[in-house]
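Would you mind keeping the following structure in view while I ask a few things?
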Amino acid sequence: MARVVVDVMLKPEILDPQGQAVQRALPRLGFEGIADVRQGKRFELEVEGPVDDAALARIHEMAETFLANTVIEDFTVRVDS
Amino acid sequence: MTARVGVITFPGTLDDRDTQRAVRIAGLEPVPLWHRDKDLKQVDAVVLPGGFSYGDYLRAGAISRFSPVMESVIDQAKAGMPVLGICNGFQVLTETHLLPGAMLRNNHLHFICRDQKLRVENAQTAWTADYEAGQEISVPLKNIDGRYVADERTLDELEAEGRVAFRYLDGNPNGSLRDIAGITNAAGNVVGLMPHPEHAVEPLIGTGRTDGLGFFTSLLKKLVNA
Amino acid sequence: MSLDTVKHAAETPDTAQPWAELGLKQDEYERIRAILGRRPTGAELAMYSVMWSEHCSYKSSKVHLRQFGEKAPENDALLVGIGENAGVVDVGQGYAVTFKVESHNHPSYIEPYQGAATGVGGIVRDILAMGARPVAVMDPLRFGAADHPDTKRVLPGVVAGIGGYGNCLGLPNIGGEVVFDSCYQGNPLVNALCVGVMKHEDIHLAKASGAGNKVILYGARTGGDGIGGVSVLASETFDSTGPAKRPAVQVGDPFQEKLLIECTLELFREHLVEGIQDLGGAGLSCATSELASAGSGGMRVELDRVPLRDATLSPEEILMSESQERMCAIVEPGKVARFLEICEKWDVIATVIGEVTDGERLEIFWHGEQIVDVPPRTVAHEGPVYERPYARPDWQDALQADDAAKLPRPQTPEELRAQVLKVIASPNQASKSWVTDQYDRFVQGNTVLAQPEDSGMVRIDEETDLGVAVATDGNGRYAKLDPYAGAQLALAESYRNVAATGARPLAISNCLNFGSPEDPAVMWQFAEATRGLADGCLELGTPVTGGNVSLYNQTGDTAIHPTPVVAVLGVIDDVNRRTPMAFREEGQLLYLLGDTREELGGSAWSQVVHDHLGGLPPKVDLARERLLAEILISASRDGMIDAAHDLSDGGLIQAVTESCLRGGKGARLVLPDGTDPFVQLFSESAGRAVVSVPRSEELRFTDMCEARGLPAVRIGVVDGDSVDVQGQFSLPLEELREAHEATIPALLA
Amino acid sequence: MARVVVDVMLKPEILDPQGQAVQRALPRLGFEGIADVRQGKRFELEVEGPVDDAALARIHEMAETFLANTVIEDFTVRVDS
């Protein structure tokens, strides 16, 4: 079975308090030199059958209508190697 | 004859029975609606109550939006039926795009439960006619995904058209843009807000205030006196 | 893979078995062999080892817990006593209430969020299994030092887990405790309480009877949760590559649990359930053996029918899995179809996995081959019982001799003022709203009182306004100084908290958090605490309905303070008559009820100002507690008082400050002539409360106290916007509020 | 500035209620053929200075001690191209 990964991140202009909270905590934990942190979601889909263009198109549609809310989020779809 | 108000239960809805009680206290007849049924049982209005439908997994309201009952709600809302989304219900309404914008995790990242002061900015919707414009009310707020966001253009449009229905007072509890607590569609029949009017309808319970009753009495007047 | 069947076990008596790795003692293993007349199969060994563990069998505590039954007060209200998933109390008008406290201490240290979340999930299923709709939760919590870095990891995670799970279930959180003490550094205590309501006729029990009735497992699929320990078995019995890694922690799914609640209540409504048991610790091993043991016949289970999340699980692992959000029901054959239909409606997976037999054995099969054949009682109810040795520790005398009365006291009013502020702002005495604001207290629309009130109160009937109140309390410092008195003080405080809100205390539940029972000093603390609690309940007339014991809370040789946590349930006929804690009306008179002695041992003052723990805890007088409670209840019923707040840690000044802040009104205090203001403000004498009396009721109220013999001194009046102690100091409310409310956010932000 | 991505996923044997909820919803939305869905977190870190072995080792440590809870989660660290 093939794995397709959909990454969903908040659009750059939207405030990401989760990422900020991580970033703020880092120096306290002794980790310096991280200028910015953004936190998003990663979906791993196990796809039955071949992952051809048609399948990817369907997954793209699924991401656009369901996995991401495109009012606030961007997404990428890729086949995991 | 009184009006019939449908109260939808999705899997994971929590405030359905509370909403039914509030509807009843206001003198309306609550009608339970089930997410799998397209049939709205000839109700005159619908409330989408609070809770964690589908656990709020993925995004709050994202999965419920696709339930059969919502197909009918969307059709009816577009035809002018009064629809109120409270908290999770508001989130569902934004996911369906009946209302613009989206709801994100609170800026402080915590669930917050408190008595929240609001200003009623628009007293002409189906759900706010019993208030005065500018009136200040206090009702409970309780959520973790309550931060309202939309792009600047949408926000400006909402402001210009008087569609910001409620604004937070005395401190923005979650980072919502422009202190927006609730909005309405252009027609004024679809309203969504994060705070919980249905939890402020009895003097003894909760915060001890009844400021939320006006939502339901507004509807009663609209439907019965119409 | 070779299966260790019953037949195979009988044929291979000499096969070595990993009983020690599974935590069994040699004699326990021998006993299992004697019971079965052969060596156990791997699956049987798994079941016995987990069911005979301390956690499931109460083998160290049982001999002491018996007192709760033996000394139980005569009480008609008790409908179901200790032994079931939770006790049930009659609260009148045909209603019954069930409640219980549980601990999830160790898992919450390893994985704070999931540990605490699954703790809530577990106790809610216990309440549900009794036939009740869960209506509220509470969470008594204890953490290490407030400023310790690890507390920043554990506390926010625990609170988020309790909120994340409880909020998602739609259960209002109406109270609890947050206590800091370095003794809990490596052993935080995460106790969780749930209250449920039903009609008398809806009570359900965990037993399997009626040969031919079906055994239905429903809820989540079974995965490898919480079975880190049994992997040793799989590796012993199964293929050489060894078992997959199994997680030792469980992950909760509150959404699934919410569906399980609604689904189960609908099953009850249609009378489809003969017997029911939730799956908690020890999973299916526990549920099947307890159901069969309590029932009249035997049980036959086809284990391969259990729906799995992980197809590689061995039968032993399936039996021991602690996957959450599962229930097991006994259903008449004719009702199975409807049962499954309702489960389908709620998207809950349900599977018939076996049936009740007319035999006397619990028999479990795996793809047709028998892997378990045991008398269920020997697994579930007739486990080992230890008479652990106990002895008063040699340091106890020295600890008690180290009297707090010797500590230096404030010499000037300014010093007294500064110490008041310091105590009010200390982590244990400070406002906990940073925590409680993360919990939904409004959901269900029946919350009459919630934190920070003395007890949580919910309405249970909308027509008649019948309600119940619950409070939880525990004070490990008192219990360390004297475990017998400490347990009684926890009981007394909780009882007082319930009465302060106007409810009549009816019954208790408890969670006994202690160190290792293998240490005779700890065992002595346990014996003393249980004896104190049992004697106390007898005297107060409040039976123990159930509870939980959590042992081995220690790091190396150092045990936590003995920490008995007591939850008291009370009933109030009309919630409109409840008494809140806030001083709201200027001019009302403040009365202090009870006697104030010089009692500073274990006090908040001794901890905050001197970091001291020594001496004796406050004196216990349960007859006085009863009298105080009667006065508070009568005063509420007859409308004689507008506010009441019990006095406990922090003493009078703490209570007055809290009531003033809550109501946004100040108070002028005039302490009785000839008394030491320091003692008056900080002593923690038990059996006291402060009440706010409308002037029009003063005479009636004082007459009542006098007639019944309860000391009541007028100590001041609600007035202004500061707490003013005449002749001593004045503290503006804003300064007090800042001190009280800033501490916890500053520590955790 | 270079971007390093840390993906954090629940261990395979741990219950993933979020992924399950998504998977169960898919057929209803008309998307068939997805055998399994797992949902995890994606962190995008903007790193100041060179992303050499030392930097990656530090980020690995950060992931292990902070971004992931290795009792229940696995993680991967990689430089974004």
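Things to note:
For clarity, chains are labelled A, B, C and D in written order, and residue numbers in each chain start from 1.
Rule of thumb we're sticking to: a contact is a pair of C-beta atoms (placed from the backbone, for glycine too) under 8 Å apart; a residue touches a chain by one contact, two chains touch by 3 or more.
Predicted model only: the values in this text are computed from it and were never measured.
By number of C-beta pairs in contact, B-C leads when C-D and B-C are compared. Between the Cα centres of subunit B and subunit C there is a gap of 36 Å. Centres computed as Cα averages put subunit A at a distance of 9 Å from subunit D. Centre to centre, using the average C-alpha position, subunit A and subunit B are separated by 30 Å. Residues of subunit D in contact with at least two other chains: 17, 21-22, 25, 29, 39. Multi-chain contact residues, meaning those touching two or more other chains, occur in subunit C at positions 253, 255-256, 347.
The set of subunit B residues that touch two or more partner chains comprises 54-55, 57-58, 66. Interface note: chains touch in the pairs A-B, A-D, B-C, B-D, C-D.
Residues of subunit B touching subunit A in their complex: 58-59, 62, 66, 94-95, 100-102, 104-109, 149-150, 175.
For subunit C in complex with subunit B, the residues that touch the partner chain are 160, 163-164, 167-170, 253-256, 258-259, 346-347, 436-448, 459, 462, 465, 575-576. Interface residues of subunit D facing subunit A in the complex, by the touch rule stated above, are 1, 7, 9, 19, 22, 25-26, 29, 31, 33-49, 55, 58, 62, 65-67. Subunit B meets subunit D in the complex at residues 54-55, 57-58, 63, 66.
Listed in rising order, the residues of subunit B touching subunit C in the complex are 11-12, 14-15, 17-18, 21-22, 51-52, 54-57, 110-114, 140, 142, 144, 196, 198-199, 201-202, 204-207.
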